[in-house]
Each structure stands twice: as structure tokens, then as C-alpha cells.
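Per-chain residue numbering starts at 1, and chain names A, B, C and D are given in the order in which the chains are listed.
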Amino acid sequence: MTTIQILVSGVLIGGVYALLAVGITLVLGVMKIVNFAQGELLMVGMYLTLLLHTVLGLHPYVAFPIVVVALFGLGAGIHFGLLRWVVDRGHTQQIVLTLGIGIVLQSAALMIFGGSFQSLQIEPFRGGSIVIGSISIGTTRLAAFVVAGIATIALLFLLDRTLTGKAMRATAMDRDAATLMGIPVQRVYLITMGIGSALAGAAGVMLMPIYPVYPTVGVNILLIGFVVVVLGGLGSVAGAFLGGIIIGVVEALAGFWLGAAMSQIVVFALFIVILLVRPQGILKGDTV
Amino acid sequence: MSQQIVNRSSGPIDPMVRSRPLPKHSLLIGFGVVAIALLAFVSSSAPVFYGHMIVMTLIYAALATSWNIIGGFAGQLSLGHAAFFGLGAYTSSILFVDFGISPWIGLLIALLGGATLGLLIGIPTFRLRGPYFALATLALGIILLNVAVHFRELTGGHVGISLPPTEGWGTMTFLNRWQYVVIAGGYLLVCLLISGIILSNRFGYQLAAVREDEEAARALGVNATRVKLLAGTLSGGLAAGIGTIYAQYILFLTPDSVLGTAVSIEIIVLAIVGGSGKLYGPLLGAVLLIPAGQLVLREFGGALPGLHTLVYGVIVIIVILLFPRGIWGMLTDTAALINRRRKHS
Amino acid sequence: MRLSKHIWETILPFLEIHDVRVNYGEVEALRGATLSVNEGETVAIVGANGAGKTTLINSISGLNRLSSGSIMFEGQPLGDLKPHRLPELGIVQVPEGRRLFARLSVDDNLQLGAYHKRARRDSVKGREEIYRLLPVLQDRKDQLAGTLSGGQQQMLAIGRALMAQPRLLLLDEPSLGLAPIVVTELFSIIARIASEGTAVLLVEQNVSRALALSNRAYALQQGTVIMEGTGQELLNDPGLPAAMLGIAAAAKE
Amino acid sequence: MSKSHFKPVLALALMGTLALTACASTAGDSTSEAEAPITIGVLLPLTGPLSTLGKEMQNGYEVARTLFNEAGGVDGRQIEFQVSDAPTPEDAVSVAGTLSTDPDVTAIMGSYSSSIAIPASAVASRNQMPYWETGSVAAATTDRGLSHLYRTVISAAMPAYSNATQEFISKVAAPALESSPDELRFGLVFEDGAYGTSASDQFKALAGTEGYNLVATESYAANTNDLTSVIERLKAAKIDVLYSVPNINDAILLTQQSAALGFKPAYTLGNGTGYTSVDFIAAVGDTADGLVVADAAPLNISDSLLSADLSPTYSEFITAYEEQIGRKPLTHATLGYVGATVLFQEVLSKAETLDADGIVAAAEAVDLGPGETVASFGVKFDETGQNERAGWFFMQYQEGELVTIYPTALASGQ
């Protein structure tokens, strides 16, 4: 029974990882940029949720659309002002630029909100859990998982069924050919970065009732996000979702069997093994 | 043989290979020694803050210069360079504290350890390209950090290792700072010399060829894997050595302070801002950013927390956008432009 | 100086390329090429490997930046436009090596061909027409483009470009790597497109076929135009094989 | 082109020269008039992950300074702070170096975290600058026998620390569970940082000597975002008493997830830091009720339990703190206040000279009995500079507020 509980918890936390990883993989797949600022975008999403609650009294799930739209704008703005100039450059410059953006967002958060841990109490959900037999499912975590699933399906639908989505995939596959067909590549990038950022915002909203926010909260989650992205196959949206759940479960099981201290080592060692043995990931990067 | 072919090829490496005469290594040594002497004098009489600033600048300059061999010359974005730095710091400190082995011997063992780690990490990871390599090295750095945290009997875990403040040249521990300036400055000079020698040799051209286009380099007969492994070994060894000097200076080690991802990122930022791939780029980056960071932290740290990292981040963004070849690259470009103008007029 | 559009069209050629230079680093790929294409005309560009043909065609579609010179389309300098705006004007390129969106279906590839606003309106009807013109695609409409045979891929690449309703179609080495029987079919399709009034600028290694198809032709060598005339004139010119065999000369550079 | 090899060297030399001129302009004006203020260097982590409690401690310092200055200062001389941020060990070395060689600085106070205190105090001692530690509890801080280091707060290595825990368990916890310590199943959970490991080591040692049945020992990284596996392991071990040593965010996570997963040991004994922070209380609210927390200063005690001579009194301190900060002090603010007040009243005011030797002599002479500080413990330094009278206290969350329950003499509740 305990193992099932561990599995359930792993799957649920995996949903949050998935939500972050889907955004990373989308940007990576379409723009070929490893976005090291994705964790900070999640952090911004968390603070924004907190702010909307403390200032306007909005329930985080009510604030969801506001945060998502705001983060879309932030991501698009980051592309328009900064990333646009480096899409043609090597990945070193891109990575360092996104690192710089991350440092700026982190410092700004520290200056505005201070370094303390702030959490959000929402009465209907706090400590609330659904108990089935001896299995307990945290409602906030369940909500996060459901949102992650819906967001992934919505994104897959967008990529597969709409002209904008097809243009994103076409740009991912062959940027020059896309240009020759009249696809405005920079606008596609802008939208991609906006969606990637909005997904980080969504993850932030869903995480806020689970976990306290502080300026460097994104760093650790981002690293796990990278593991998930590589596991799922760079650029594969469905792979990122699946990878998120796998990593969530692996982390939980390793934590239970070997102790929490070892679970990080296990996760990152697994990461190296995947990189070396199957760098294309479990699903080849063909969704984007 | 391959060097000639590379020389004749028309890729972007061409101007760089052609325009560089053999570095005057003796000049570098001469001026380096004078500069170190001057800095040592300054640090012995200046307030501690400035002495500390000089030592930290030299340490980070050496670290970024060592990263440059693999990250700049060979173009392999290593995001886990703190692994070598930390390995060196822990190796000599554990040998010193637990076995009483002098840090000087510890330094040599650290060099060997770092070089070995560079080789061992390189063998599997150099097969990976672009962002994959960057992510793999990032993960390796995190694994080493977690190992240091986990194996507490050896490393003290997060509690860290506190080194005995026994003064003297034999223990590489001093009350004053000028000795550290001499040691770290001398080490930096060695790093620069090795880098300079690499750049002016066939090895340097081969690294440049691998950086610009690995497939093409292989086609031209460059053994890319071997070249990268050698660069990784040298880079790792040099980074580990500076770890020992750092440990003997700060006298206190924690996993986060020497193995943290933040350390790796700082190294890259210094090199990229200064100009990665250029001999003096990382040094320039350290000279500009480390004192700037320390000054902002001192002036505003208590009142405006976050300002010093904000300044850092903004500088990184501006340099990447405006001077993609780093500040050193921008300066040499400008100098070349002025020269050309002067010739024309 | 302001003349009506009609007058521009009557005095100025449809596409005019004037003294264009393009550099890759320190290498000059085009060194002052001048040529033109009239409305509805089929023009071939022939030359050795490395003569600058692909560079020229990529310069028209905006993928290469000019070091100097100008490219005008109906009196409008193309250098001012973002490359993705060209299909709107009616200039569409079929790039060398097809460059299909391999992991999208045939139908999706066609749909993306009609991305710009004007074409998007007629997208559904356009696809029906393409399927009629290239029936081989009809049966494979839901297949991934990457799984098609070389010839089918080339047909799809042309079909995708036609979806944008081009007035000037740029074709870069369309017959490369195709079986002779497919090449024949391909050239008949190109001829059909040209006959319907679309201007075609064709870069080809298959010199005889290309020249036979064209109204006019240019021979490029080391980035400059060395010969110009009707397709037949060039075919009969004894200097042509030398131009085509200019490989040694080009490589010496 | 070969000339370019000079440039960095010249740049370095230039930097050195700049530094030289800069120092020439800063050194020089050290006046020592009777009315001139006394400068104390404050070295705390005010940014980064340690900043929450670093700031809490700074609050305590500021209140102590305000009250002391209002009361007339040191013979009319006011106390001034030179606040320096030291978020990392590296910065601690830099800041400690600067402060300890600044001729205007009389002594350094700090530093809450052991990872800051250890390197900073080493540098200060090398420069013969008195270092007044008010927050770090790690044994290593005073173990090194540094010449100029004094620690007002308890060391985890002191017998008093373990004895208090042992006594609390046998006299309060076990009776409450209607059992005896050797029949109970103990579990230990801690964050693997410097704080968590050193505190848990002490508990393990105690468990060894007392023969506690320690059935589960779990550690985790403080920045974790899921503790399910840890909680499930503890659950599986069927423990009665949980000894828990978390940081702040993981204290929140542990409490919330334990509730969600239905893990509720009969008795939870938390160790300081995480459980006594404002953030923790704000996050978990009344979920924490019943939780017992051990820390280095008691909270919410009454004036009558302390020495009648104590000035300012406990309630005066609370009032001043509420006025200045806007809420009640927590343990780290209290510890900061106590440390600073002892330095001001007992050392600076009584020292014959305000140089290092005078301060060391005055510090060696401090002799405050129980009840003579607002944290109730006395102050007397042993040869390593450790306050051998520092105490260890147990409090319980009752209706969202921490109430001291042990030592029973101080108990204001239960």
C-alpha cells in the first residue's frame, strides 16, 4: 500500500515537473534555445499569484488566467527585446543570455519581495486530501496534475491542428524553408516563447498553494526540468509530459527505498545515463 | 599537416589563425611578474577589502582562464566546471586536515585529480554535441555536489571543512594577503602561459577547427576526440589546482561554496563577458566583474539586497547583445578598425 | 519621377538583378551579377558547381544579404523587405534539396505553402487544384512528407510553392538526385506551370533540359554572368561546356 | 599585435594603482573624541537563502541599540552599526576582513548562520578583532579556540544542550504519552545542511547514550519540493516521538505534507530555526498547534520569572520591539537582542579601553546569573569564548503562538 502511495505522489509531483518541462521543450524544439530562465519565469508566476491573492484577494485558481496571460506577455517581451537578437548565434551565447535574464529576474524578485519564504493559504485546499483506502491524494497536487495534463493536451492540439501550430512545427523543422513559404519566423518565435513562458506561469500558479515561494525557488525545479526534457526527447511535448511523470516516480521511489538524500544523485545519474545511451530521449523529438 | 589545411580553409577561423604571430611568452612572464609584485605590494598596504578583492580577482581569473581552454578554445560549453574547482579544494583540504599533508603537495595531487576527472568525464561526454554536452556537464557538477553533501564522513557535508589557521609558507596559510597575491597571481600566470602556448601551437589550431566545425575538422584529419580530451584534461587539472589555493585562502569549505552551480555559472559569465576563446578574455572579465560585484555588494549590500546580482545580470545581457565576442573581442575589433583607418588616411 | 504602376511595368523588367555582390566571410560568392526576368518568362541559369547559382537564387528570396547591388521586383527593391514577405508579392522559391517539413503530412505541407493572407483564403481550393495537377500527392495526403519517394517529394515541394500563388517561381536544382523518368515528368510539369503564365527562374545542372525548356538563359562562372541568350543560343555556343567545366578554375580561388 | 599581450598586465597594474589611491583616501580620519559614536560592525546574511533569519537577528540588534542609546549609551557615546551583508562564506571572509581592519570598528557582531560564523570569526581573530557571535549553534564555531571569539548563544556540543533534551523527554514528553523513554520509538528527520546535520548528530549521540530506540533516521535536501517519500518512510517505522530539524521552507512542507498524508506521531519535537520563523507560522497557521519546538531562547515569558534588576525588562523589550518592528520578536530576534545588550551593557560600558585588549578583558569578566538577560540564561564565557550558561528551551504552539513549557520554571502555559 505504501508503494502505491509513493507512486501516486510521484505521479502527482511529476505533473508539476511536466508543466515546466513542456515549456522548456517547446522553446528548445522550435527555437533551438535552452532556456535557463524558465525556472525564474515560474518564480515570477508564483509571486504574481501571491500578489493577486494578497492585493486583490483572488483565489489562485481564479488568478490562473491573469497569470498565464501576463507571463505570455513577459515571455513575448523577452523574445522581442532580447532573444530575437541571438536566435542566429551559437548555443553558448543563447544559454548565457538566458542565464543573464534569469539572474536579473531573480535579483528583481529579491529586491521587491525580499528573500523570505512566502506561502499562500487557501482554505478549501490547505492540507486537504482525498483519501481512498489508505491512499491519500493531496487536492492541490491533484489540481496541478490535472492542469498539467490539460495544458499538454491543449498544446498538442494547437501544434497538430491549427495553422499557427503547424507553422511552429514547420519553423522547428526547417527555419529557412518556413521563411520561403512566407511564415514570419520571428513572430512564430515570439508566440513560442510566449507560450513557453505562459506554461511556466501556469506551473507557478499551481505550485503556489503547494510550496512556498522565494527568489531562487526556480533553480532547483529548472534542473529537474532539464532532466525531464532530455528524458522525454528534446522538443517532444508528449515526451516531456511522460518524462515528468517518470522522473517524479523515480524520485519518489528512490527517496523511499534509498532515502531522500540519495534521490537527487539517482535522478541526475539517470540523466547522464540517458544522455549517453539514448540522447534522443524516450520519444524522439518529433512532436514539435 | 592538418594545420596547413585548416590554414588554407576559408571558414571564420582563417583570419584568427593568420593574424596571430607567435606570442612573446617571455614578455608575458616579465610583465606578469612585475604586475604580481606591484599587486602584492599594493595588497600589503591597502585596506583588507582591496587586498581581498585582488586575491579573489586573481583566483577567479585563473579559474575562468582554465575554463577557457575547454569552453573557449575548444568551444565545448562546460556548465559544471565547479566540479574541478571543488574537487581540488576538497582533495588538498582533506589531505591537509586529516593526514597533515602540506597543501603544496595537495595542490599537485589536486592537479592530477582534476586532470583525471577531466579525462574521465570527457570520454563519455565529448560524444555529445551542443546543448547536450552543456546539460551533461551541468548534471555531473550537480552529482559531485550531492556526493560531497552525502558522504559526510569525508567532506563534513554541508557543515563543511574548517582549515587550521597555522601560518607559514609550508602550510600555505598567511595572516596577510600579499602572499596569496603572489601564489594566486603566479598560478594565473601559469594558466595564461599554458593557454598562450596552446594557442600558438598546432594544438590551438586543431581546437579552433573543432570549435568552428567538428565534422569539417574530422574530415581534415583532426582527431577531434583526442584533441578535446587533452583540452578537457588540461582545463580540469588547472581548475582543480586553483581550488587548493582558494581553500587555503578562505580556510573554510562547504559544498555550495566550491561545487555549487552558481560557481560554474560565475566562471562562464566571466569568460564570456571578457571574451571566451581569447587568451586574455577571461582575465579581463574577472578584472571587470569581480571588483565591480564586490564594490556594489559593499556599498549597497545591506540596503539594497539583490542589487549586485542585478548589476551582474544586466552586464551579462548587455555584453551578449552588443559585444558577442566579449569585451576583449570588442576592444581588439575597435583597435583593428582604428589601425586600418590610420593606414588608410 | 512618380510614374504609374502600369508604366513601371511596361518599362521595367519584372525582375531586375543589378550588379549584385554577396560575400561569405572573405569569400565572394557573387561578384557583380546582372540579369533580368520578364513577366511570364522562363529563364534558366546554368553554371558549374560553386559558380554562385544557389547564392543568386537565395539572394532573390532574401536568405542572403547583398554586399552591394540591387534586386528590384516590379520597381520595388527587395532588399527592404523581410524575406517572409516575398510570397505575398508572388515570389516563391522551391529550395534545393526540397526542404519539406518532413514530419508534417503532405496536406499540412501544402497548407503551409499558402501561409500568407492572400493565399490562405484560397487554401482549400488551392489544395484541390494541386491534387489535380499532381495526382500522386492525392493518395498520400495524410502521409508524412518525409516518407515520400524523392520524386514525390519534389512534386510536393513544387506543389507547396504553387499554393502561395506565385507570379515568379524560383526553382533551385529541382532534378537533383531523381531518376531520369521522374525528371522527364518533372520538366513537363514545370513547362505546364510556365505555360499558365507563371514566370520561372530555373537553376539546373541538367543543362540541356533546362535550356531546352527556357525562353532565355544565363551562364554563371565564378559569380558573374559570362553568357546570355536564348536557350537555343546557349545550347549551341561552343563556350558553354568550358563554363560548365569551370570547376578547376573555381576551386583554385 | 604582440603588444596586446601587455594590455591585461597593464590593466591589472592599473587596478592595483586605483586600489592604492582609493585606500589612501579612505584611511586617515580616525577621531576619538569623547562624544564620537562607537561603531559596531554587523555581519549578517541579509540576502540569499539565509536572509530570513539574518534579518530577524538584525531586528534584535536594532532594538537593543535603540534602547541602549536612549538610556544614554556608553558614557554618552552612542552606538552606531556598520551593517554588512554576507550571504556566502566567501563574502563573510571579505566582509570580516574589511570590518576587522577598519580602525573605526570596535567589535563585530553576527552572524546567525554557522556557515557564515565559522569563516568570519577566523578572519576576525587573525586580525585580533573581537567577534561577538549571537546566533550560530554549531560546535565547530567555538571548538577551534579562536582568541577573540565570544558566543552568547548555546553550542550544540554543550552538555546543557543534550541534558535539556534528555530531561524534557523523560520529564515532559514521555509522561505525556504515559510511557517511559526506553519504551518509545523515536524517529529523526533533518535537512542535510550545516544546521540540520550538526543538530541531528547531537540527537543521535544522545539517543546512543540514553538508549533511545531510534528506529528511523531520514535526511533530505532543504530545497526539496516533495517530502512524500521521507514521510512514508517515517510512517512505515511507526514512531511515537519525532525529532525534526528542518530549515524554513521544508518545515512548512513537512508540516503540510504530513497533515495531507495523515502522518501524525504522538509527539513531535522540532528543533529551532525553521519552526520558529514568521514564515512558518504564516504558512501553516493552526496546523502547528501542539508542536513542540526547541530553541536557544524562550518566548512569551513573564517579567516575574527574571531578575528584578533587569533593565530594560522583558516586557519593555517586547513593547519596544513591537513599536519598532511591528510584531512580536521570535527566537532569533531575542537572541540578537540579548547578545547585543550584553555587549553594550556588560562589555563596552565596563571596558577600561575600547581597543581589542580592553574588550577581551571586559568580556572575560562578564558574569551574569540566571534571569539577568531577557532570554533568562546567564552569561559567563569559558576559555574558548563559549557562554557556559547559555540555555536550551522548549516551547509549544498553542493557538498559533509559541508558549514556553520547559524549563518548567519558565513555563507560562501547560
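What we mean here is this: a residue touches a chain if its C-beta (ideal position, glycine included) is under 8 Å from a C-beta of that chain, and two chains touch if they have at least 3 such contacts.
Predicted model, so just to flag it, every value in this text is computed and none were measured.
**Student:** More C-beta contacts across A-C or across B-D?
**Tutor:** Of A-C and B-D, more C-beta pairs in contact link B-D.
**Student:** Comparing centres built from CA atoms, which chain ends up most distant from chain D?
**Tutor:** So the chain farthest away from chain D turns out to be C.
**Student:** Hey, how far is the Cα centre of chain A from the one of chain C, in Å?
**Tutor:** 42
**Student:** Just give me the whole-number Å value for how far the CA centre of chain B lies from that of chain C.
**Tutor:** Spacing between the chain centres: roughly 50 Å.
**Student:** Roughly how many whole angstrom separate the Cα centroids of chain A and chain D?
**Tutor:** It comes to 37 Å between the two C-alpha centres.
**Student:** Mark out which residues of chain C touch at least two other chains, giving numbers and ranges.
**Tutor:** none
**Student:** Send over the residues of chain D in touch with two or more other chains.
**Tutor:** Within chain D, the residues that touch at least two other chains are 47, 51, 192, 221.
**Student:** Of all residues in chain A, which are in touch with two or more distinct other chains?
**Tutor:** Where chain A meets two or more other chains at a single residue, that happens at 110, 114-115, 261, 264.
**Student:** Once bound in the complex, which stretches of chain D touch chain A?
**Tutor:** So the residues of chain D touching chain A come out as 47-49, 51-52, 55, 192, 218-221, 223-230, 232-233, 235-236, 248-249, 252-253, 256-257, 259-262, 277-279, 282-283, 285, 287.
**Student:** Which stretch or stretches of chain B touch chain A in the complex?
**Tutor:** Those residues of chain B that touch chain A are 71, 75, 77, 79, 124-125, 127-128, 130-132, 134-136, 138-140, 142-143, 146-147, 149-150, 261, 265, 268-269, 272, 276, 304-307, 309-310, 312-314, 316-317, 320-321, 324.
**Student:** What residues on chain A touch chain B, complex-wise?
**Tutor:** Answer in residue numbers: 28, 34, 82, 85-86, 89-93, 95-97, 99-104, 106-111, 114-115, 215, 219, 223, 226-227, 230, 234, 261-262, 264-265, 268-269, 271-272, 275-276, 279.
**Student:** If we count contacts the way the header does, which residues on chain D are in touch with chain B in the complex?
**Tutor:** Residues in contact with chain B: 1-2, 4-13, 15-17, 19-20, 22-23, 26-27, 46-47, 51, 83-85, 88-91, 93-95, 97-98, 100-102, 114-115, 118-119, 122, 125-127, 138, 140, 144, 192-194, 196-198, 221.
**Student:** Given the complex with chain C, which residues does chain A contribute to the contact?
**Tutor:** Result: residues 163, 166-167, 169-170, 173-174, 176-185, 286 of chain A touch chain C.
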